[in-house]
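Order as written gives the chain letters A, B, C and D; numbering starts at 1 within each chain.
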């Protein structure tokens, strides 16, 4: 049986409770390790965009409220500061449409392209593809590859805006946080105080215009708690281990991610400098996003190389 | 018939002629568009590393001469400033070993890991795999994926060290510059004055310790000249179009690469802002390297999305 | 008459209340605009360093508690979100010693110099100079130039660690926040919820080892509230207007500070692009610090140029 | 007696010889250590701007030739690779006007302000002030503080464009390279192959719009050669020692400059880590420019602190 965690009504979302990951907001749900939960999430726009209303129109009408809202905090039984919270992503139910937007003042090329007009493009999602109607008339079929853009726990003392990523997770916009994979997060608060939202039907590396195909969704998850410490988010797929680190400039995010991957390898018997040299031959890296307050890089290693 | 372009003897390599791409060195060979050439290249160490001599030992003996030497300049008939030189990479013959090194003062985590000891690891290359003997005893088989690390043309007025990448190509360390793919480069000098070297049997994204499995090799190429301008290196594979840009910090390399990719799309009928938004959904990006004087990012788009 | 705002006892300091600027901690004092207050502050070490105890020793004994603690929140009557809080710095009473420290993992050259040993140097402060006993034996007299390192208001929804600077002020480590000058801060919460600490007897540009001559102090202030919005902290001295902005990489902090200074000029009748061109001839800039989570640049203009 | 080194006629300037510092161009003059020389220089526009012709107009007429041209190479007798060239700046004769410009695609806030229109502002220089006629009508008097923007030697093997700064000097845009001060540069070529140009009547920190009050000028210099190595440019005034380093991002320029300053201190008896800690209390820093291919920071220390 699956426990359902409902999202708040749109007009109940608040910037304080839903646009930060924080230790101050009382939990909205409690889950036990091993339990399967289905969590309803809002899209990054906070639910104000629709096939008949662009983000710009919503902004002009004063409708924009809590940005990038998360559903949470979810209290995970048994999680204590210093532990690691493991989140298995079991599935994501997508809706029938999602929307990308260009928002002036936001985006990787904002200053570089000049004169960008705000726009929202609503795309139908059907039969496993996003239907992107290009301005030149063609309808492009982009296969869905859904993942959770914002997912994390409460920091130790800070309340961090959900637009930002960090060691606590948050707005990593990492396409590898997807069904079939396991995400590990450090725990800073009793109960972890977990939250998530900002599901993307698909996203390109870098998320360069600042938005992906933003959707509301229902996410199926299972939690477990491990009594070991983790410094930064880690992801495991069937074939790869991955570290997800965020910083500015982008090379520092990459350095952090590689350093964490080296640490992971040394936990499995590798010599540190040898791991460093080996990653120089065998690592993969993904630029998750270069649009949020910190930029995110994912460093990856094929699992067959992990063990010493 | 294949025209062979021999490399210089090791003791004939000079920093001036072989460790820069420049308009001052007389061509060592001339080729015609359409002709197939096989070019011999030295490894990035300039030939001083062997199974019995580490880079450190060579340095202590004072043997290190021209670093990252290129074979060239090769004069391509018909290439004029403002043209585009297209280089088809037809094949790379690998030798029986290659070597990675940690060189103090060089590498992406140099300051972050402290106290790195210099080391060179020589790896056998056999049956399509690099045999990496890890310090913990296992021998890891890493499939070869050979490519040309340094490849470029003479700049307009500058002599640029072969350790650096830029609009002229150079030390891009881009694993997509490999057999089966086509590289386009801007032409700044009559004859293009092309050079290449620094072949890698395989390399991880980022080339984080500063070296890949460095090899000497023979590279088979075919040139053509197109009478149109190119701003930055572009690569085409059977399935993807790619732009290869270099800058610091790393996000600027990414911004440049995406901007070039948008430009490429507009050449095929895309609206600029629409291309920007679409890449936010469908682009891929590779961190080629974060160790050279400028860092390199490759932005990619599936070809089926290119045409408007 | 001066109203005294006492600091908490050292063992009453908490990370939650004193190592963040936040909207969650109840005010410890209320002040009226125009009232003069004398605020007691702890040093950045949270009071654990003394002439007989280095930071390292305190850390080994487990004594390190709330880092970079602020005294506050101080509720300023009449301050409303959207207003500007103006803080006149009337004076700073210094103690008889202060202490600089090198803390592994922290500091601008941390990775660049390798092998740094932790150390704390306690310096006497006497007759307006800091007496710095160099390892080579000389005692150098560095004139004091005291200022408030960490000073700010509560953010809108976040709780931001006091180690970080931002639009809300915080750990700007800006030597111009000193007696005789006025600091303007945006107000995000009713009452502003102001806090301060981290006084420095003197500091070099960049604060490169991560610490200045850190002191506990008593700071005399007077507040006023203006019903206009401010985007980033601004400082006014008798002769200059200054903007204080924080970002990474450092050039983005500089760009923000210059953009704010241009904005300030346009408020006084300058054409925007003309202001931009004029600052290219007449601006001064200070690198406040390159060691905190965001780096801080101060851009300055002589007041006689301000008015159009 | 002063030896005069004339500049080339404007139409004799070439990008190859005058817009790079390089080992390939034959010297235009030879000087002996101790000899006083007066060098004529062109402005950064290459002489195409005048009170009746903006840079934009010159560009539209196709008149723009060698950008940021240097007078040189000047061969300094006795200078050998590994030596240090010391350049005493004895005086700068300014003309009666100079010109600042906004050039689209260039400048620190180029992408941040959008839609910048090109413009050139010609300013009279009289009685020690630059007369800046602001758009709002006031004429602002900015005291002249003339210095040499581009000054350097030939690199070892590269030809580096004069728009770029580096260890060889080049386009540092450092206002401390001015009359009364001494500049030390590393020597890479026999004769040093020195060049200079790009004098500024005055410049703000950062040179944010990309240009200062650009002038042609006559610069009086005296050279000496020291048989010791220098890694990066150093400046000495009557009261301060300064290091001038260039990199991207800007914090790396600052780190380099501080590291060089620490090195300078250790040459005078300081312990390295103690020097690091002391600079954290007593250093000054100037952002020279954030508009060229590498950004430049000047780190400074009062001379009375230098000796151990």
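Brief remarks follow.
The rule is simple: a contact is a pair of C-beta atoms (placed from the backbone, for glycine too) under 8 Å apart; a residue touches a chain by one contact, two chains touch by 3 or more.
Owing to the predicted nature of the structure, the values given are computational and were not obtained by experimental measurement.
Following the contact convention of this document, B, D is the list of chains adjacent to both subunit A and subunit C. Of all chains, C has its CA centroid at the greatest distance from the CA centroid of subunit B. Looking at B-C and A-B, the interface holding more C-beta pairs in contact is that of A-B. Between the Cα centres of subunit A and subunit B there is a gap of 34 Å. In this assembly, the C-alpha centroid of subunit B lies 47 Å from the C-alpha centroid of subunit C.
For subunit A, residues that reach two or more other chains under the stated contact definition are 112, 248-249. Across the complex, subunit D is touched by residues 15-16, 19-20, 22-24, 156-161, 247-249 of subunit B. The part of subunit B that touches subunit C in the complex is made up of residues 110-112, 114-115, 249. Within the complex formed with subunit C, the subunit D residues making contact are 100, 102, 107-109, 112-113, 116-117, 119, 121, 130, 132, 134-138, 140, 142, 202-213, 248-251, 254-255, 258-259, 262, 269-274, 276-287, 290, 295, 297, 299, 305, 307-308.
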